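Chains: A, B and C, in written order; residue numbering restarts at 1 for each.
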Amino acid sequence: MHHTIEVRDLQFTYPDGRAALRGVSFYIAPGEKVALVGPNGAGKSTLMLHLNGILRDRGEVRVCGTLVEEHTLGEIRSSVGLVFQDPDDQLFSPTVFDDVAFGPLYMGLPEADVRARVQRALEAVELRGYSDRVCHHLSGGEKKRVAIATVLSMDPEILVLDEPTAGLDPRARRSLIHLLHDLPQTMLVSTHDIPMVAELFERTVVIDEGEIVYDGSTQSLMTNRDLLAQHGLEAP
Amino acid sequence: MHYHLTDLYRLQPSFLHRLDPRVKLLAAFGYILAVSLTPEGTWWAFAFFFLLLLLATFLTRLGIFFTIRRSFIVLPFVLAALAVPFTSPGQVIWRIPGLNWGVSEPGLIRFLSILARSWLAVQAAILLTAVTQFQDLLWALGSLRFPRVLVSTIGFMYRYLFVLADEATRMMRARASRSARVPGSRRRSLLWQGKAAGAMVGSLFLRAIERSERVYAAMLSRGYDGQMRSLTHFHMRAKDWISLVTVGLLLIVPLSVDWMV
Amino acid sequence: MLFSLNEMHIPDGFLSTPVAIVGWALAFVFISVAIRQTKNQLGDRQVPLMGILAAFIFAAQAINFPIAAGTSGHLLGGALAAILLGPWAATLIMTAVIAMQGLLFQDGGLLVMGWNIINMGVLTAFVGYATYSFVRRVTGDSTRSRLAAAFTGAWLSVEVAALATALQLAVSGTSPIQLGLPAMAGVHALIGVGEGLITVGALVLLQKASNGLLVEGENAPGRRSANIIAAGLLVALVVALFSPLASASPDGLEFVAEQNGFLDRALDPTYSILPDYTVPFIANPVLTTIVAVALGTLLVFVVAWFVGRNTTRSEAAGD
């Protein structure tokens, strides 16, 4: 299967002139789980927004072999699920069920199929029984998991997550790490949580000031104190 | 990631930038009023106002085409006045080939006058925004006796505008990310789409309410008692008064000359 | 990038000076009352709450949904704000939004801002609120009835604002009432549907998330006087639409007819273009539009009622 991400010479400049990405290239193989680290403002979030076509400038992005372009966006967004940093931005429907059902409903799937997907997604994030809950009243950890469920219900082949453990208490964080470990999708996760990186991801990409400065084994990275210090990272 | 609301303010060490904001506000408003009072068809008056505008633009050191380039925002509304040339009684000077609708001379004059006024007025407003920081503009409004509560409210709005607009943008990106199209599927109905958009609005509202509670608590913690206070930062200097009077006279010239004729 | 996605912001130059000044005077009155009323309602929360909610409305106006071929539906927000917070708070909030849009983004003129505030702030808030209250009084307090009432209120608020805008343009001589009124009413009948949908969508979510919130607007100050004010505004609007003020140039369309000649020759002499109450109403665009809007409101409510019934039934049966 083709569950790959291929990025070639991606460049992006904001309308106000700031260069956010200065020629980023990498390849993620099927089933690989990769961590994306770097200081704030390095371009992590900007890069992620290119992976489902929300931002487009110069360079090429191929998801599951398909080039990300205007007319392929619909297809791309069913293949790659993007989970944003702030769950409040993604939970915008009245109930948990509505939010998790949004993606499949939008795709035009029949009702029975939608219901099944919602059930599966909620079970995958261990929130079975939360269907009727109001998103607004959930805890931070629960919201993060619902946010992931909203994307899982679309059965994407690839998951891209922006700072999944940010703002979580130790218990919620542990629970989320288990979840990420168990999910089978190809994954790219941007994070500041170095201990999680060391625990979950064999490969790490370090980005700083819009450029990739390291792409390789997590283990080697963690022992390279100079490189870590240079880019504002700390060893676990 | 930020909502790209292009704030027009451009920092420049120019004469206009350094004037008291009240002068700029009054000048801009006075200009728009003067243009609005200019009778139809007095083209030389419009030309005079245009030169005045160019002079002001020149004094801002922002480039002489600065306001012109941004002035086409009024274009869509021109449709509203499109009937004028065809429905004002008078001598018909041209007919649309095929449709046989006639454009009358008074109609055309009135239409072009509306366009001229609109075009000049919006440029004055653009210039005002470009040379005055928004907070100073609000201060000027308060100083000129606009209701303080309203001015403070707008100030708060300005402070949180980008924050909330950002939240809305991110919500829309999240929705876009979950808006996939599988070949052969039906499109969702208008009803569904509208309600989903509504849910986003409702969600945004809740967050706004809660944010306002947090902001209010922070204000109370710093001694807020319901009164918005600020330090006066501007005092009218000689050059402010001179500028104000000069502009006033310049604006009156075209209007009074016409009356004498 | 367009900052306001609703073309009701009148730019400077399109209204005559006396008309614009009257607008400011009227706006000033409403703003003053709104400030006082919300002060009573909110105490020292007034400024931060109203300010942040004004930012909310501004941001909410950017949220869209696709309708067809590149066009999308948006929220104006006056009706929603009024239903949630009461008409006076809504007036203050919308005033801030409109002022900001005019001052910062040149969306809407400065001299004509008085009328922009009245149209998009006062009229939407009061008509939306009064319609919501009135319909609920008639149909009861169930969820379905509230949502239908809200949809109708939101739709009508947009329509009335459009009618008022057409009136102001007509009195200024910018757009003959016989053309402007049906055009504005027609276009905004569609835009109003978008307003209704988003308003209802928001209320559905808010109902589920926090029952208390929906009550706030209903207990807002001036709720009784709001209905009177709304009624007064509507009556004034309708009267003005039929007055000689609106048909500032009744000769206008006659002029067109003369030019084209054939109209006089081909049509039955009773089909005159001048507003004339003895003529079959099809020939009087102003009357037709008013009647159409009134019937439209009824139709909108009925549709909202039945669609709402289906939705709430399926929601209850579903999860």
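Here is the rule we use: contacts are C-beta pairs under 8 Å (C-beta built on N, C-alpha and C of every residue); 3 or more make two chains touch, one makes a residue touch a chain.
Given the structure is predicted, the values throughout are model-derived calculations rather than measurements.
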{"item": "Distance-maximising chain from chain B - centres being C-alpha averages", "value": "A"}
{"item": "Inter-chain pair with the most contacting C-beta pairs", "value": "B-C"}
{"item": "Length of the line joining the C-alpha centres of chain A and chain B, rounded to whole Å", "value": "40"}
{"item": "CA centroid of chain A to CA centroid of chain C, Å", "value": "42"}
{"item": "Inter-centroid spacing, chain C versus chain B (mean Cα positions, whole Å)", "value": "21"}
{"item": "Multi-chain contact residues (two or more partners), chain C", "value": "204-205, 209-210"}
{"item": "Chain B, residues touching no fewer than two other chains", "value": "4, 167, 171, 196, 199-200, 202-204, 206"}
{"item": "For chain A, residues that touch 2 or more chains besides their own", "value": "92-94, 135-136"}
{"item": "Chain B partner contacts - residues on chain A that touch it in the complex", "value": "14-16, 45-46, 49, 52, 54, 73-78, 81-82, 84, 86, 88-94, 98, 102-103, 105-109, 135-136, 150-151, 154"}
{"item": "Chain B residues within the chain C interface of the complex", "value": "4-8, 28-29, 32-33, 35-37, 70, 73-74, 76-77, 80-81, 83-84, 86-90, 92, 100-102, 104, 110, 114-122, 125-126, 129, 134, 137, 147, 149-150, 152-161, 163-165, 167-169, 171-172, 190-191, 193-206, 208-209, 211-212, 215-216, 219, 224-226, 228"}
{"item": "List of chain C residues in touch with chain A within their complex", "value": "204-205, 207-210, 319"}
{"item": "Contact set on chain B toward chain A in their complex", "value": "1, 4, 167, 170-171, 173-183, 185-188, 192, 196, 199-200, 202-204, 206-207"}
{"item": "Chain C residues within the chain B interface of the complex", "value": "1, 3, 7, 10-14, 16-17, 20, 31-32, 35, 39, 43-56, 58-60, 62-67, 73, 75, 80, 84, 92, 95-97, 99-100, 102-107, 109-111, 169, 173-176, 179-180, 193-194, 196-206, 209-210, 213, 249, 251-256, 259-260, 307"}
